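The structures come next, written out as structure tokens.
Across the two complexes that follow, chain A remains constant while its partner is chain B and subsequently chain C.
Moving on to the complex of A and B:
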């Protein structure tokens, strides 16, 4: 498969770079970068081949005063092996945005293509924006946090191993390539057992800890793909938090490229 | 007991000095725990309703401490490629400021526009260096016509702009966090100025104000305290002509201040603007004790006593009056505990402790020092009391004229009390030479004031802010608020919605109006939120479930009274036009606006309590309830007259002035005690008639009262030079009150006594008053 060959290519390049740089000055730095990349490539490889999936997601937003608010969305994602994934997001709650749907073609590098269908206007609007770091529906997640993981989006640095959630895990530092990212870096804990992301610390543009995302209740689908049932994002600076809960995961539902375009956006349910 | 103490001090002066010094040294070591709190919130008690409202609003929306860079381009035009590039760089750098969560500037304003069915959201200024004249002109037109920007971020003429940075302090250790931010901002500004010669930057905002609290306290303690020491040294040196006496006085002052500050440190207190004036006040008050002891001692020595006997006599003579005046002064300062503002509790407690310590040191280490130090005395000279004697004669001769004249003057001046207007404007707390004040004045002149009101309008239902009736209410309110003469700027979600509606209809200006149904508004906001970058979201305007939104008004700097009136008008507007919504109004400006009235109300209780306590003490000390009651007049009149003079000259009172009556009561009462006790002594002991008694009182305490008043007035006038107006006003008002008190005691009280106390003294069968109720004899000084 194409993705395999790409991954292999990336991996070999990384490894050979490591070999070459063994003779260069800072060996450790280069080696850590290669190791970080290697782990990330492996994680991506293990989560490749599910072709498409659908799920229902509930968001619970909380502010420092303890007020809560619920959002509900449905997502459909099409796995693309030679580009970022295509996704369709359909909003169900709050009621006044019900029927609004959002189509996004994500690209590992550069701006995503985004369209929004507004039922109140009965029109599809293309959103031309470099920004994907703002809060998604007022939550502590940005669109950047929710979009699919692509190896090319980051530079890597392997930091070491650590126990997390009772699992032996790698700690990998990731530096976003996109200059419009809201972060200077992320530290990701990936368990050694199944290469699942357990926790992510997000560092803002001035490199202070901004948020922590913790995944819990991982379940395996199709005997291969792991998905968490819930995730909690805590903003350390504002004291706000958002909990995500997923339900009705389905894989290989038969979605095709034709299900992801401006016309289907209007009909999306 | 007392004699034993004096005997011990006389016999073992070195021991007394050593013990006192080690006690003071141990206590003073606590001063290293003293830290200065640079946070305006310290002025408010935890249960202050305006603070509670503001904190709650900050929890619902975002916290909003800020730093404002007011950037003035070299050629008076913000919209040049070069300057926009500089602003863009400054904006980018600002994200690096510690704890920054949001940066708003002309360059990163999220400009939305339509191209067919595309909604484009991008920074208003993209590639600054390559902008053409036409593009620059377009950017200017957009910026100065954008309600979110004009008068807040950019001046309407386009000659000044602001980069506004929101700071969210973690609040774990504000004493480290605030300086960390100010330091970073200052270094950043220096670098920016070096890179952009000709450009000017002024730093304003709440964070810079917090930093300014520290700056003024530092500059005050570096200038005022040394100045005060100088005055004391010159004054005592000149008046009493003694180097040893001056030296001993300075030691007592240093010990009193150091021990007080040390105890404050051990008690876990922290320093704030007002409490940082404690050393100056203790200094001033401690001098009086020493002057009394010194002048009595010199009097005895001139009249032939040897030094040791003179010291012992002086102590015996002065113990009770000094104790009494120290107690009343301490009570006066303790009344500050009733203030609504915690820093004044600390100030009151510190000075009260300091005054009592000064008393202790004056009767222990002070005589001990005088015992071991060489002291020479010139022979007594006659005839220096001429002035006071002349004054006494004039007062007695013209009493029939003086009483009505002074009464009229007193009543007339109290009429001006009502001319005082409540004003706690935190910008004006800082003198015009403080950079924060300069920056804020500049900003006020060219852009907008520092007065903010945050208005949270709540629907109580989820997504309620998208309802058309809500939006039109908020929009109408915004229009109304913009029409108010005080208003510089209003930030409201309805402007964003109108703009989005226009964008959604191909940028047709006719569609610059609110969406007509809830779904449309909700979907616009969803769309808009999804296209905003990090930090520029709507979470500072909308709460999580979109049941309420926050409108932020920026106004010209105004007095507390005006701001409270505006708050009232806003509440009235909602009551009349949109009563279905719950409205909360909060802001630091509003907190300061209300603190004056709250302080005055709460200080009333404290002042009355202090008055009662002090009157009881007076009654006991004077052994006459009748004279205790008469003494109320000269004790209260000075504050009344001082407030009248203040109303006539300054006219603005606030939280610092509200504590002055209670505080000065303890000080002015001293004069009355001294004068009345001498008067009564003459009446009771010598069965003198009222005129003779008045002459006796003048002769015996006139000079002492005049000298201590001089020191006190000098001390508080020094404090009045503070660059921090809370302290400066407090100092000036106290100086006026103390001076008026002396005038009242010299010109009003004697004629009053001669009028009320005519006839024979009723209680001449009473036992002789103890001699230690006496005051130091007026010293013969040149």
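Moving on to the complex of A and C:
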């Protein structure tokens, strides 16, 4: 299995790392890739086992002139260890889309399965999921920015260490495997203390810096899982930005597979 | 006289059904964990470019206002809920278009792998965009708009069972709703006004016939599949000219006759990368005739078109009906060999701006229609939409022939709360 092979890779990488650091030789290309993967595998491993979670999210969209528009979204997510997560997203604001909900079965590799429920028509529509690079509700977040992190989605390159938000952090370059991604690469700052993502720089298809995402106010849940209270995405090319604020985080709420189907999609509030 | 499309007797029988449920639930409502009031208020102005073909039709402007609040109560962590959604439109010109309806008044209980839904509800079946063949449970509220998208609430008890092999829905549908029709002063109608008096039924139970349906739906890999069987009152009336018994300024009116039907339907969508392949087909048997009809096509989406964040969707659909186009004496199907083209541009901006263009053509004779729809959000909770519809036909048996002078523009402003 993929997970096993990754573990094996991590093990061998870890061994080669100790050897490398012992000799204090700069990392060659292969070793940098292995180290980048190792850090990402560790970050994922530390955020595994939460079973399910629910949260309320507020998005504040801001254009260049500073005009704001608010979206309110509720999410329910079921963690699957042998596949991508299942999630239900319910829109509350803007008012004209209230009651609209979105069901997604994500897959680490390949297209996700997605359905949209339109309450005014009482219609469930299966939608094409290749639109990963498109904006989510007019915000600076694309669909892929909001999907769960899966190790298989990227190739890696370890760039070095840097201080960020007062924390010693790894800098890891991530290259999307999916050809429909809107990015050539992302640079991710992961702190060494708890392997939390502190900042991400996104480079567009022409490899110019497009956006920067910064997380703040991390809180720990169930003595293990770290979640930020807010995040800010700034688009350097358009001057627009979007702030996310999360509230009412809950883990292990007892959600099961049966909470994610067409019926629950239609009923979700 | 302003007319409420929900006749009192029917309203009472519905009330009997729902009030039992309401009474059962009223004690729970007191304990409701959640109550929400939302909804919309709208103002709509239509402008017709030409004078109507028939005497007494309104000249050019048609104004109306409408209100659709939604009351929602839930308890038991959302497992039980009651939704009440009344609707009323006041139209300044067409008395028949001034009408009210209970879009929804229902109780829903969700178990682990089943749901019970009872009361007045709307249920949509199908996958295609230009014609909804498979969608059969709710009656069309045709005075709302002539595209057939608006539906009247339908009384039903629906048990929904979730299995590994799909969802099975069982429906018992007590009572039937007559279709709404444009009045004498209204545009977008045929030469003879449809009367809502002396409505005839095949069933001796008339509008109280107990209808039933069973539907299976499932998602397998890229396919979303549904199949159903419906038995009961045909939602499409047969219209026959008769001498009017009441109104003297309309000597001849069309009388509605609803026969009984059995309908088998399937709807399939394959979602493959940027392509949505859609197929709907029905087989209907009635005392008058048996026929097949199919609507099929695709939707392709260009993501991030013109180097922007916008998506461009292209749609092509084809409609066929085994009854054919008929002739002057026995007009058959309105969609029998018709092709549809559409383009949808979603800007994906802060205001959710959208443009939709569509065209339909009857391949058997000269009949075309064009639609243009644009909408966007203004501020946080106002939605503005502009529609333009153009119709052209030289074939008297075609549905569009009688509305060929009814090209119009429609502006709607809706406030959501």
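Going forward, the second predicted complex is superposed on the first by the 241 of 269 C-alpha atoms of A that agree within 3 Å, B and C clash if a C-alpha of one lies under 4 Å from a C-alpha of the other, contacts with A are read in each partner's own complex, and residues count from 1 in each chain.
Please note the rule applied: contacts are C-beta pairs under 8 Å (C-beta built on N, C-alpha and C of every residue); 3 or more make two chains touch, one makes a residue touch a chain.
Treat the numbers as computed from the prediction; the structure is a model and nothing was measured.
Peer 1: Using the overlay on chain A, decide if chain B and chain C clash or can fit next to each other.
Peer 2: clash
Peer 1: A:237 contacts which: chain B (first), chain C (second), both, neither?
Peer 2: In the superposition, A:237 contacts chain B only.
Peer 1: Classify the contacts of A:64 with the two partner chains as first (chain B alone), second (chain C alone), both, or neither.
Peer 2: first
Peer 1: After superposition on the shared chain, which partner residues are touched by A:208: those of chain B (first), chain C (second), both, or neither?
Peer 2: In the superposition, A:208 touches chain B alone.
Peer 1: What is the contact status of A:143 with respect to chain B (first) and chain C (second): first, second, both, or neither?
Peer 2: first
Peer 1: Quick check for you: in the superposed arrangement, does A:131 touch first (chain B), second (chain C), both or neither?
Peer 2: both
Peer 1: Scan A:102 for contacts with chain B and chain C and give back first, second, both or neither.
Peer 2: A:102: touches chain B, not chain C.
Peer 1: Compare chain B and chain C by how many residues of chain A each one touches, and report the one with more.
Peer 2: After superposing on chain A, more of chain A is contacted by B.
Peer 1: With both complexes superposed on chain A, which partner does A:91 reach: first (chain B), second (chain C), both or neither?
Peer 2: In the superposition, A:91 contacts chain B only.
Peer 1: Once chain A of both complexes is superposed, is A:258 in touch with chain B (first), chain C (second), both, or neither?
Peer 2: second
Peer 1: From the superposed pair, tell me which chain A residues show up as contacts to chain B and also as contacts to chain C.
Peer 2: Shared contact residues on chain A (touching chain B in one complex, chain C in the other): 61, 63, 69, 94-97, 121, 123, 125-131, 133-135, 137-138, 180, 182.
Peer 1: Taking the complex as given, what residues does chain C use to touch chain A?
Peer 2: Chain C residues touching chain A: 34, 36, 38, 40, 72, 74, 78, 81, 108, 110, 112-113, 115, 122-124, 127, 149, 160, 162, 167, 217, 219, 224, 269, 271, 273-276, 301, 303-304, 309, 311, 348-352, 377, 380-381, 383, 414, 416-417.
Peer 1: Any idea which chain A residues touch chain C in the complex?
Peer 2: Going through chain A, the ones touching chain C are 61, 63, 69-70, 93-99, 111, 113, 121-123, 125-131, 133-135, 137-138, 180, 182, 258, 261-264, 267, 269.
Peer 1: Can you check the complex and tell me which residues of chain B touch chain A?
Peer 2: 56, 59-60, 62-63, 95-101, 115, 117-122, 168, 170, 462-463, 466, 504, 515, 517-524, 526-527, 529-539, 542-546
Peer 1: Chain B touches which residues of chain A in the complex?
Peer 2: For this pair, the touching residues of chain A are 61-65, 67-69, 91, 94-97, 100, 102, 114, 116, 118-121, 123-131, 133-138, 142-143, 180, 182, 204-206, 208, 237-240.
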